[in-house]
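By written order: A, B, C, D, E and F. Residues from 1 in each chain.
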Amino acid sequence: MNVNIIQALLVFVVTFIMAIDQFSFLESLYQPVVLCPIIGAILGNFELGVVVGGAYQLMQIGSMPVGGAQPPNAIIGGIMATVFAISLGLEPSAEGVGAALGLAVPFAVFGQYAVTVTFTLMSGMMAKADEAAAKADTKGIAHINYLSMAILGTLFGVIAVAGLYSGQALGEALREFSLNFSWVMAGLDAAGGMMKFVGFAVLMKVMMSNDMWGYFLAGFAVTVIMSAVPSISGSALLLVSFIGLAIALADYQLNSKIKASAGSAGNGGMSDGI
Amino acid sequence: MASNVTQTHYNDLTPANKVSKKALNKMIWRSLFLQASFNYERMQAGGWLYGMIPGLVEVHTNKDDLALSMQHNLDFINTHPFLVTFVMGIVLSMEQQKTDIQTIRSVRIAAAGPLGGIGDALFWYTLVPITAGICGNLALDGSILGAVLFLLIFNAVQFAIRIWLMNWSYNLGTKAVSTITSNAKEFTRAASILGIFVVGSLIAAYGGTEVRIIISDPAINVQSLLNGILPKILPLAITIGLYFLIKKGWTPTKCIMLLIVVGIVGTMFGVLAGNSQAQDENGNPLPGGYTPLVEWYEYPTE
Amino acid sequence: MNVNIIQALLVFVVTFIMAIDQFSFLESLYQPVVLCPIIGAILGNFELGVVVGGAYQLMQIGSMPVGGAQPPNAIIGGIMATVFAISLGLEPSAEGVGAALGLAVPFAVFGQYAVTVTFTLMSGMMAKADEAAAKADTKGIAHINYLSMAILGTLFGVIAVAGLYSGQALGEALREFSLNFSWVMAGLDAAGGMMKFVGFAVLMKVMMSNDMWGYFLAGFAVTVIMSAVPSISGSALLLVSFIGLAIALADYQLNSKIKASAGSAGNGGMSDGI
Amino acid sequence: MASNVTQTHYNDLTPANKVSKKALNKMIWRSLFLQASFNYERMQAGGWLYGMIPGLVEVHTNKDDLALSMQHNLDFINTHPFLVTFVMGIVLSMEQQKTDIQTIRSVRIAAAGPLGGIGDALFWYTLVPITAGICGNLALDGSILGAVLFLLIFNAVQFAIRIWLMNWSYNLGTKAVSTITSNAKEFTRAASILGIFVVGSLIAAYGGTEVRIIISDPAINVQSLLNGILPKILPLAITIGLYFLIKKGWTPTKCIMLLIVVGIVGTMFGVLAGNSQAQDENGNPLPGGYTPLVEWYEYPTE
Amino acid sequence: MNVNIIQALLVFVVTFIMAIDQFSFLESLYQPVVLCPIIGAILGNFELGVVVGGAYQLMQIGSMPVGGAQPPNAIIGGIMATVFAISLGLEPSAEGVGAALGLAVPFAVFGQYAVTVTFTLMSGMMAKADEAAAKADTKGIAHINYLSMAILGTLFGVIAVAGLYSGQALGEALREFSLNFSWVMAGLDAAGGMMKFVGFAVLMKVMMSNDMWGYFLAGFAVTVIMSAVPSISGSALLLVSFIGLAIALADYQLNSKIKASAGSAGNGGMSDGI
Amino acid sequence: MASNVTQTHYNDLTPANKVSKKALNKMIWRSLFLQASFNYERMQAGGWLYGMIPGLVEVHTNKDDLALSMQHNLDFINTHPFLVTFVMGIVLSMEQQKTDIQTIRSVRIAAAGPLGGIGDALFWYTLVPITAGICGNLALDGSILGAVLFLLIFNAVQFAIRIWLMNWSYNLGTKAVSTITSNAKEFTRAASILGIFVVGSLIAAYGGTEVRIIISDPAINVQSLLNGILPKILPLAITIGLYFLIKKGWTPTKCIMLLIVVGIVGTMFGVLAGNSQAQDENGNPLPGGYTPLVEWYEYPTE
């Protein structure tokens, strides 16, 4: 397939937008059913794009990012499926486009990987945000968000254009790179999975007092139990919040009463001192 | 740094006026960017603060207070992007009342956690599959109607929810907050209890860090052994460890550096579980997720 | 089989009594092992009745009404099994009476259905009971109970006699009716299942206060967890009451102490005001 | 209406004398009719009150108090018919002491619930199958001894239990009640907590209302999706909804009407799950329990 | 195999020590990998002992006494495996010694049984210990421990020597005895399983007060739930202690506050009296 | 008798001096004999006291107090032999501070229980299998190195742990104990709550007493029926029964006698489950664990 510079530019711009949209903005433009027809149109075969979009959409039903964990990336996957379908001149039918979906898989996996690494490394951005906040610099906060989006968009745009030009060859190269350095990739993955513990620890610092360790461990324990029972593991957090509510309300009721009782029983100034 | 906020109350404790309709609308619009600076340390914290700013600037005319507020609004948060406006409304109403800072933080995390699970079930696992099923089939037949329909349904739902929740929860919060202030101390404590209970729970629900070492002869699976002592023992231990580091004065950034080093050294020696997503020549994933640099035990292939 | 009027009357009376007995009184006369010999005797074949009773009893082991949910009705089923066994002149042996048990099944199902609908509709009776209670009218309460029993008895008596006369034909008619209006039947079943929520809601109104929502939701959450673990779901309510006891005793202990502390610490008149 | 009892204490607060032996015996006898007016709204409430009356009339000589007592003794109750005399004895002892009304109500439901489960296991799933097994086999051999034996064993057990439990629990209650009255307010609160905890539990244990919608293409099972959010979410939501209606002044009867309408309209459109127990020509049950009047989705047949 | 008196004596001494070591002291000498070579050396075939030790060690991996429940006894089993291997002149290889392991099984079972019975009967020793403690007789306590070890050691020594001399014949005799009196053995086993309840009851007497029944039952209930979920039953006690900690800390916090509030609010002498 | 200790405080309440290094070392050494007089009533109680003596004699110079302390240090205990020094250190620090006796008892059992489970997982199910696997294989090849290595690894680990834990926990305890004494009464209560919670838990975790009766025609499994009411109902009932006997004045010895009689009579009639470990001619275990003396029901063979 011959790709001219205008097409490449358009693909870059579209991918840039979609990459942002997958987490921010409407979170729906990027879905294959929408994205592939656009790519198809750019590359001169709108109809094939529509069909590839439908096929890809159905294939990836049920894989959504939950708790920040990434499924194979639908954008890179969708774009490359369209590219392959057009360059191979496939039939615009459910069976016809099958081969293109298969060829796109390594790219989708690479996209997933790119997002994971980005999210791991962008943790560093938070120190900047803390600084801006300390100066009440609202613009600064905005810029950090804009910059983050721009980074993700550019990254994706570059990958897409590279894929557009070198197709299968690039797929193979990517695969080899990640095979040879799989331990680095895995290390970043492991590190990414641990990042949230920093967030938790900061929260603990805010809320913990010595007599609350019990609640902390109890919340952990109850959730461990629930997670071990498949049919309720999905609702664990909600069920936990029910139990936590009972505990919190009980504590509130009792401490308020103690305060009232102390306050009522003598020198008014006391109540504040307790 | 978020962790450096030690002041417990705002300087100006006079409750602010109700926030303008315009600010609320801006916040709804900005809530679309909740995940703009998503990262694995604080997840949606950056986007959250971006979304809160229009309200916060109205409420905190005192610049120091605005800084204070912005700082703690960078705490870890993760919730469902559509339902976030519910949390925003509640938090805004508390900011407006100049509620004790720790209470705001506690309520924020305690509300966000469960809403994340609910939203995922409702939207990611229900709304999306259903509309995608219908629209995908339409597209397969060559009709662009699929794309159009998808955008329409999806965005009608999300905007309806975002708008309604923001207004509802802001009003709800405004009403509830005032009755609470009479026992403010006790309420803060109770909210912290709920918050800390939810944090304990989040560790168990979301913590996935595991050890990789599996040896076949003699048969040893270290993670299974750990699970026999306590499931999720690593996430618990790491979090508590980080908590003590941060209490000692470490910055979050330093903690992150540490974790990256631990992660990469851990996989270098095949100790930590991690998924490289790499594939071998035949497109199969690697046994154990990756090949360590230093292979000192044989990972079972079957 | 020729049935004379005396026999029909006797069947009606026996069924009337048994229908009441299945929920009230001894709750044992109605069991097939007791009931079928009586029906057999009335229809002139006591021995066959004994054997059918034994067979039916063994067949339905384990199906008891629990939490008000109805199993296929043993009375109507038992009576019709005896009727069919006698009219078909079956052998009085375990294998011999098998055919009669099979033919009786649709009737047992219909009986189950009749009870369910009755229990749903009789919810209305409670408004009357409330009125009687408000007037301290003990007789009124008694009458409501007698009336309810009479309704159930009559309903069953009529079904049994009808079954006695028209046997299989009726079975078929019943089946068709419920097939054609299955949505109505299902609606009543669904409504019946929801009735108890009204009872729960009334109890809530009695006991709930604002700071108890936590306990309410926690009781719900804990039971959801237990119900998800098959081997303990049967003892869920007992286990829940153990946990509830701990909570209630703790609250009692603490609030009593607060009261004592407030009372002890100053003006005696305080203690009542808290 | 049960829900209209707002008075919290009896008018005459002097503890009554111990109830006569004769009244207790009558109550035991009447306990046989616990389920005489069984219905799905309050289950055994009617029969329960019928059983309590001999004791209540002795205890409440003040007519208004008798009315009060009878009203709240029509609350929802469901327990095992043999073990009910235990609850009767406890409640009677509290009535006699003129205990705070809400306490009586709370203790009553908190005791009845768990005893239901225990009794079912002991009698319906143990005593009955065993004796039925033995006696059924005797009968199969043509011997009427099966029937006789069944009646003997079953009724010996039930009468022994009913009589003993009534006397034991009444005495127990009489002793305990007096020590409680010194902290009556606190005890009421604690009893209500236990009661409300048990009500929450009953919803999860007995609530069975579900949605029926299952579509095969695209595959959607709405009830599974709901279970993913929260199992038993419908029973919980309905009960809370009814609670607010009743708080607003709705009568239970009005609520029942509403539920019947909801039930039938729900099945008309195939939205609510329900079992018609109808069978098709071949004696098979209908897919999904029934055929909706309006069929707007295809229920999977397999 | 001819065994001289010196060898028998040595076996007795070694077994005596190992029997004690399996519960006291290093708890590692007794392991087959250590024990069998020693027995082998005594009986004149060190190398065979080493191999039998290795084989036996691997065979019994994973069976350790937990909560006092006994696995088949590794000492008696290990010794007899060595005895059989030597007397049958087996090959010192993994396959070669297999037969000896098999023949040793009844002895291992008998050893398991001997320990269980001993632990059941030695419960009686605790009354003596109580007496000694009441007199602050530290020597007495020491003697009870020494005596207990001596009993276990002697018992094992005798069994081992008897096995040494009469081998298979004894194995058969033991088997028959326990077959004929299996109900007695089972009775002792059942009794042994119940002994710990006495210990629990004594603890309850120490700690229980009327308002703690709820916590007692709740601890029971929560553990019943966890035990019903296979993947967490192993960590039940730890998870329970997390929850118990939350409860205990909450109680401590509240009661301390009540005390402070009462103390602060009036006459100082009060605080002790509450 | 342990159960006869009614005194709640030591006579001499002056905190003792820190225990000598020598005494601590003796205790570590003696901790090796924790299970010397192991029995099913109090498990490791005898060995525990033996281990504590060097510390106790230093701390309690008053002879009556020493007797008191020794008596309650004979309470039931079961924990992991390696981790026991942790409990020893904590208890010793409390003895030294002359803490309220019941608090010491409660803390002792509450710490011992969970440590038992942790230790089993760490050492019996991890350390031993791994080293045994490696060393067993070495030995199979005829090398005595297996034995040597096993002893080295195993004992290096156990001594490191025992020594470190004893010192660490003793110091930890000494520090914590003093801050506790200001609210001693409240702390005792809280510790008792934790203790009693753990005892309830131990019953469910370790109680194994079951009924054996299984009849095939009609099919009845009495234990399953009991499990349907409440799993572990027998252990719970027996413990509570024994508690009341002991409260009435029964000695533990008398209770033990009773249990032995119950055990043997129970198996005589095939009522109680028990494992005789007997084998029939073909080396198979007996159906149901044993053959009752009086066989009044047929135990299913399959």
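Keep in mind that, in the parts below, a contact is a pair of C-beta atoms (placed from the backbone, for glycine too) under 8 Å apart; a residue touches a chain by one contact, two chains touch by 3 or more.
Heads up on the chains, UniProt names are A, C, E = PTS system N-acetylgalactosamine-specific IIC component; B, D, F = PTS system IID component (Man family).
Given the structure is predicted, the values throughout are model-derived calculations rather than measurements.
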item	value
Intersection of the contact lists for chain A and chain D	B, C
Any chain that touches chain F and chain E	B, C
Copies chain B and chain F - rotation angle from C-alpha fit, nearest 5 degrees	120
Selected interface, C-D versus C-F, where C-beta contact pairs are more numerous	C-D
Centre distance in Å when chain B and chain C are each reduced to the mean of their C-alpha atoms	49
Geometric centre distance via CA averages, chain B-chain A, whole Å	11
Whole-Å gap separating chain A and chain E, where each centre is the average of the chain's CA atoms	52
Chain B: positions in contact with at least two other chains	117-118, 121, 125, 129, 133, 137, 218, 228-231
In chain A, residues with contacts to at least two other chains	61, 212, 215, 217-218, 220-222, 224-225, 228-229, 231-232, 234-235, 238-240, 243, 245, 247-249, 251-252, 254-255, 258-259, 261-262, 265-266
Touching pairs among all chains present in the structure	A-B, A-C, A-D, A-E, B-D, B-E, B-F, C-D, C-E, C-F, D-F, E-F
Chain D-touching residues of chain F, taken from the complex the two chains share	217-220, 225, 228-229
Of chain C, residues touching chain E in the complex	225-226, 229, 231-232, 235, 239-240, 242-243, 245-250, 252-254, 257-258, 260-262, 264-266
Chain F partner contacts - residues on chain E that touch it in the complex	20, 23-29, 31, 33-34, 37, 47, 50-51, 53-55, 57-58, 61-62, 64-68, 92-94, 105-106, 109, 112-113, 119-127, 129-130, 132-136, 138, 141-142, 144-149, 175, 178-179, 182-209, 212, 215-224, 227-228, 234-238, 240-241, 243-245, 247-249, 251-252, 255-256, 259
Interfacial residue positions of chain E with respect to chain B in the complex	61, 231-232, 234-235, 238-239
Contact footprint of chain B on chain F as seen in their complex	117-118, 121-122, 125-126, 129-130, 133-134, 137
